[in-house]
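Notes follow once the structure below has been shown.
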Amino acid sequence: MQLGFVSAILPDLSLNEVAAFAKAEGFECIEPLCWPKGKAERRYAGVTHIDVVALTQAMAEEIRGRLATAGLAISGLGYYPNPLAPDRAEAEVYIDHLKQVMRAASLLGVSLVNTFIGRDWTRSVDDNWARFREVWKPLVRFAEDNGARIGIENCPMLFSGDEWPGGKNLAYCPAIWRRMFEEISSPSFGLNYDPSHLVWQQIDHIEPLWEFRDRIFHVHAKDCRLDRRRLDQVGVLATPLQYHTPKLPGLGDVDWGRFFSVLSDVGYQGPVCIEVEDRAYEGSLEARKSALRQSARYLRQYLSGEVGA
Amino acid sequence: MQLGFVSAILPDLSLNEVAAFAKAEGFECIEPLCWPKGKAERRYAGVTHIDVVALTQAMAEEIRGRLATAGLAISGLGYYPNPLAPDRAEAEVYIDHLKQVMRAASLLGVSLVNTFIGRDWTRSVDDNWARFREVWKPLVRFAEDNGARIGIENCPMLFSGDEWPGGKNLAYCPAIWRRMFEEISSPSFGLNYDPSHLVWQQIDHIEPLWEFRDRIFHVHAKDCRLDRRRLDQVGVLATPLQYHTPKLPGLGDVDWGRFFSVLSDVGYQGPVCIEVEDRAYEGSLEARKSALRQSARYLRQYLSGEVGA
Amino acid sequence: MQLGFVSAILPDLSLNEVAAFAKAEGFECIEPLCWPKGKAERRYAGVTHIDVVALTQAMAEEIRGRLATAGLAISGLGYYPNPLAPDRAEAEVYIDHLKQVMRAASLLGVSLVNTFIGRDWTRSVDDNWARFREVWKPLVRFAEDNGARIGIENCPMLFSGDEWPGGKNLAYCPAIWRRMFEEISSPSFGLNYDPSHLVWQQIDHIEPLWEFRDRIFHVHAKDCRLDRRRLDQVGVLATPLQYHTPKLPGLGDVDWGRFFSVLSDVGYQGPVCIEVEDRAYEGSLEARKSALRQSARYLRQYLSGEVGA
Amino acid sequence: MQLGFVSAILPDLSLNEVAAFAKAEGFECIEPLCWPKGKAERRYAGVTHIDVVALTQAMAEEIRGRLATAGLAISGLGYYPNPLAPDRAEAEVYIDHLKQVMRAASLLGVSLVNTFIGRDWTRSVDDNWARFREVWKPLVRFAEDNGARIGIENCPMLFSGDEWPGGKNLAYCPAIWRRMFEEISSPSFGLNYDPSHLVWQQIDHIEPLWEFRDRIFHVHAKDCRLDRRRLDQVGVLATPLQYHTPKLPGLGDVDWGRFFSVLSDVGYQGPVCIEVEDRAYEGSLEARKSALRQSARYLRQYLSGEVGA
Amino acid sequence: MQLGFVSAILPDLSLNEVAAFAKAEGFECIEPLCWPKGKAERRYAGVTHIDVVALTQAMAEEIRGRLATAGLAISGLGYYPNPLAPDRAEAEVYIDHLKQVMRAASLLGVSLVNTFIGRDWTRSVDDNWARFREVWKPLVRFAEDNGARIGIENCPMLFSGDEWPGGKNLAYCPAIWRRMFEEISSPSFGLNYDPSHLVWQQIDHIEPLWEFRDRIFHVHAKDCRLDRRRLDQVGVLATPLQYHTPKLPGLGDVDWGRFFSVLSDVGYQGPVCIEVEDRAYEGSLEARKSALRQSARYLRQYLSGEVGA
Amino acid sequence: MQLGFVSAILPDLSLNEVAAFAKAEGFECIEPLCWPKGKAERRYAGVTHIDVVALTQAMAEEIRGRLATAGLAISGLGYYPNPLAPDRAEAEVYIDHLKQVMRAASLLGVSLVNTFIGRDWTRSVDDNWARFREVWKPLVRFAEDNGARIGIENCPMLFSGDEWPGGKNLAYCPAIWRRMFEEISSPSFGLNYDPSHLVWQQIDHIEPLWEFRDRIFHVHAKDCRLDRRRLDQVGVLATPLQYHTPKLPGLGDVDWGRFFSVLSDVGYQGPVCIEVEDRAYEGSLEARKSALRQSARYLRQYLSGEVGA
């Protein structure tokens, strides 16, 4: 496995600066975010480390060269919109940009694009299904045609009242993953597996690694802490941020030792990208860099590879 | 405490027959359901053991006499509609009948009416709050004026897709109870406490007894079993019946020994009514009677009083 | 479900006396042991409450009448030898008697015979498999032809050095049950499910109820206590009696509330027979009767039916 | 084992009335309290169901006859003072009366007297040891000479500020029992084992049954509930009633199933006397009787013998 | 947060040498002990890394300069006597020196002094309260006047018979902290929070971080291991070293991941000083240095900042 | 303690190369495997880093010098055959070579030889005992005569069908260790303690450190993960690899923090050698080196000493 990070946490740095930091800290890869320029619709979204719309063959080659020199790989390109947004015109914009990201992946020689399924959050899973089929069958075919694989992150995209009740991403639990892969069985369609989202849903965050081993294209290393004291006041019907807090790896309830134990046994050899969404570490650029450094130090005890000098 | 049962499980028996059974089995009280005649809108609803609309002073006295002879008390009158239903005309019907139940309670010399707050299940708790205030302030005043107390059952009324996402009863967790009683502090406004609804919400089902000791007017003894195996597939965002099953007391995850231990320490001396909603025991009248018998036998180890001869 | 007991614990009583005791204590059924007369090869074996070899149509009818009068059913006939004993002549004797038991079941109007698969305990499961197939395919066919069902108890028959290393019954774990029923899928071939044997094997004793729901023909209610203190000295490679002790229901590690909860949900409606193998209760006939009485009292809290007067 | 109760909870009844109640409820024995008349120095103390000072041979025989007729045994005579009280004159009074109780036991044909070692609560265990030796060696010799056995209850006698810091009974933990029995190895010196006192001390309440099996002369069935919420505020340095509450059997943290499981395996065949010190059940004589009835019902699921009709 | 250590473990080094070691190992701060010269009344006490009595403005500036050059901060000055010692003359000596430490803090530009409340260990908390008020109200006022804050370590100072029964520091549990801060609400009065002391008291060592977030002025990183095996022999009434052992961070029962998770969420940004009291690491100066190195390595996985080169 | 590794995982490197790697990574010792040349009877066996048969005084001195220069110690010589193999001629070969290893230890100035007791795996422990005595009494005497100590690894040597049922090493549990050391009490006879083998046997892997503290001559740091999901299918009667997987330290169920906590408290100061048998890390020499690096990084948080630069 290769340890890296999601670039969203360093929006104030250019791709070059991100790469320099990654190299200095001994990371082996990065997942650059590829939102369209100027767009920042929610926390952690809207970062453009690669402007895929403007990307030319020449620019792509320059990036490849620069990263190769730094000994860094791109683990995948990241773009996490809501392709099933109720407003179809809005959704179309997301879908078009997602195709642009796939095109850019091809130019950059990167095989993976990470994203969300999306969801009309006001409707049930069943009521979203026809739309899922309609949008995603062609999208996966587009990916296949462009030599890309799609890694769907398993985040429910449900945090507070804004995304209530259903969240903005259908792919949040094993039962739904199973249904998704029965519907679209393409080997280009898989998961960007983040164990922390399963923790607060009270789903075993390790067991699914066995069943979905062939679908795990990418791993996000994020953690979260479920606070029993708060849960005892509001219960699981509350919006999730009322009873849990996203944290750095090692500061939450993910059992990382067991996670990497099983991950290694199912044969996973891909990237593991730290995703920082811990508000206690967001006060400054230095704090955010520090968060990546600390997370890497924590994770390295379960991962081969060198610790950054 | 007095052991009894909710009459909903014996819809095929008349109040007389219910009382005869209760007496024979050594119960000390019953909670007769008082739905309007002819109405059965959902499972376990619509049972009319006392027709409050038709009830006259004379009839009430006859009932009182009969029950007194059998050594039985009425723990409370039960009617569980949705007084905040989105359709205001529909809600008005419920509210009117609820007042009829209070009037009947007065005729019967019963101090308690058990019911739900209700909810527009398509809207958030906050978005229901103005309506709660508007409907319930006068209702509680009506209760006060009629010498009645109102016991709100803490059931989220969320089971499957029909009640998704919010359920049909606001009063489902301690944080909301606190808000309710801050809003309406009348000593006539309290809880019909059912620990099983807290279990699947992952809320400590015993700790709230300490804080809400003065608000517990009635107790429902129902149990439920949370199936980890099923929860691991769907998570807490699923509709609740996907991962838990209502069961008889003793066949679920409620810690009854500790429950009655604390209940006795907070000074509760009221009724404890078994509520049967266990589909494995619903095949026949005999099975349903058997369910009450078995539940009583289980609960009697934690309760004083005699076991039915 | 009907509560009963295995007759082995009352070897000093005749069938008539066993029935009288069962009736007096409010049991609903019994499992009479049917070993050949005079044979007592090990503890709890060799009891002959019905002498199937001598049984005539007339005697069978007399027994049926007597039990019917007492309101008692025969849950199944029990005979637990080693039909795969390494000495084939010995095994043949067991197989022949097993057929006699099936014949007797037919005369008695009983549909179930409980027994063991058997095993050559010196050889691995795989090395026993050909013999299993060879012996049991015709036996199950014989059962089908005689209108009998066969309930295989899931006891490893491994207690101490005598049965080391493999035990004398192949059917001890879910993986092997699955293999058995794939090999012989007849609806006449099922399990006599005893949760206690799973406890010390460290197998979830409740989860298999879901998968094998259609194969559960009979239930034995026995319990056992695993002693951590002893296990810490010898580990799971020791013979099992070094670290666990068979006990009455309620005095061991079986989670009976959850067991009956799931058992009722998978639709099981058959017999539950208490099997007493608790040496602390074997000092006298009175002690053994007492053991049955106490076990019934314990189990009745999770089971419908009356408690013996 | 024989189920009975400690008579202290029925101070308003005479011995005759206590016996009548015990018989009616199906108990098999009682432990009558034998405080000197007129003395009630603390809650649950000072009850005189047998006035040992006044007891004559004739009175003793009358009592024996009456109890025999009721089918009741005396499990032991109970008197629980502080024989190591710092005031030596006071202690001497206790010691003298203790001898009177032993004399009465002899008259009544009872072999056991239950009591405390006592302690100067202001001094450490070590600093009490010389006094323990000095007082108890002759006392045990006196018991031997009178054919009595002494059962020391393992209560620390530390509840609130009055007994702080050391409590009024040395015999509170296995390490001290070991030291006691090394010091005085007489077979007439043993324990009146009450598991509840071990619970709040955070000592395994079952494991010592193995080591001290030959020293267990009597068992008190009391329970207690440790409240984590309260303990989290004050810690184990607080006086014990700040974080735990004595309760009826089944309403606390004692694991009774496992307790009786091991108790039966170590060969204990003696009395098990319910001791009621649950303030939620002390409001009236009826409530206290009810407490005994409920406790018996709870314990009978783990004990042979009949349930009171 | 800044990682440092308490200087007590390096008594053989001068302040200069301590600072050189700290710098070499990448620590960010130190808590120098400031006992009066020549005084070493108990293990870990009596170390004088800064002689506050002799300290002049010039010396203070030299120290400040030297540490600044090494990139090291002083987290607080440490002096842990018993200001409520029963011998008032003795107590007065402590109080006077404590004021000297505050004066020195001012000279050194350090805002925090860490110490104990003290206690007459032979008397209850209540019986110490008047004295607490009398001594500490002026002391806190003195601190305010000198621009110092006081961090009270939450150690019960109860280890073995010498401090029995009450220990030598009142401030040992949340209930008492609450009482302390109600009595003296000055913002200059807070805690030097050491989670390990809560562990063996069976108090949740993380939950109080929420309530006392504004009172946490300093953190000690020490760990301890509670030995169930030993506790089962002696119970919580024993002196604490009979059942637990102070250990290096990571070798005990403190849940450091969760501890730092919540600590970061309550906004704590102050020092975290390793306190070594692990006898397995005290054999030599090298062993003690090694203990600090290992502790830092363990803690750095949960803390930002660099690992010492 | 000194951190090192077992050389078996680097069979493709010469002793020189192993030492170079060890030095580069900051290890303090190694356990070189000393199988006879050319022999590789099973996975992880057959590695010859020192050819003890050919070893001369001169060669031994060269090795000592080289390692001393690298700052490396030999923790012990390793050779793990079956000295109680049923084929006595085969066993004799093992015994002879074991003596050669002891001779070599003497030449190398190494005091410890690590090995197995061996076992006839088809026979019970008792049935192997006479042979154990016969073989090992002279072997331990031989060790004493040669100034060597023998460290018996506590591996049951039972993985799959080949070693079924008894495994190839008697010394697998505390009860047997006790028996071994009663039989042969020589201070030259001890344990090479590997906690992972106790984990899947369900034996407390830390508690025995207290009792056997004087017998622990060497420690193997290996881990393993017990998979509940798999165990639930096959139970403890299955061959162990059906339900558990050997893993690197930190990726399994060993509680390393507590392990090293107690290990330091019992005074252990010897070597801790990482043993890699994790198939997920065996794909290449680089992967195996990586496994050692990662394991060391994990273990260093609980161990003093430097992390490899």
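In this document, chain identifiers A, B, C, D, E and F correspond to the written order of the chains, with residue numbering beginning at 1 in each.
FYI, a contact is a pair of C-beta atoms (placed from the backbone, for glycine too) under 8 Å apart; a residue touches a chain by one contact, two chains touch by 3 or more.
Keep in mind the model is a prediction, meaning the values are calculated, not measured.
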Would you kindly count the fewest steps from chain B to chain E, each step being a jump to a chain that touches the current one? 2
Tell me which chains count as touching both chain A and chain F. E
Turning chain C onto chain D with a C-alpha fit: angle in degrees, nearest 5? 120
Using C-alpha centres only, name the chain that sits farthest from chain E. C
Are the two sides of the chain B and chain C contact the same residues or different ones, given that same means over half of the numbers occur on both copies? different
Distance between the centres, which are taken as Cα means, of chain F and chain B, whole angstrom: 64
Between chain A and chain C, what is the separation of their C-alpha centroids in Å? 54
Taking each chain's centre as the mean of its CA atoms, chain B sits from chain D at a distance in Å of 43
Sites on chain B at which at least two other chains make contact: 207, 301
Using the contact rule from the top, write out all pairs of chains that touch. A-B, A-E, A-F, B-C, B-D, C-D, C-F, D-E, E-F
Help me check something: in the complex, which residues belonging to chain D touch chain E? 124, 126, 156, 158, 161, 164-167, 172-175, 198, 200-204, 207, 228, 231-238
Complex contact set, residues of chain E against chain A: 207, 210, 257-258, 260-262, 264-265, 267, 300-307
Could you list, by residue number, the parts of chain D that touch chain B in their complex? 225, 229, 245, 247, 250-252, 278, 280-281, 287, 290-291, 293-294, 297-298, 301
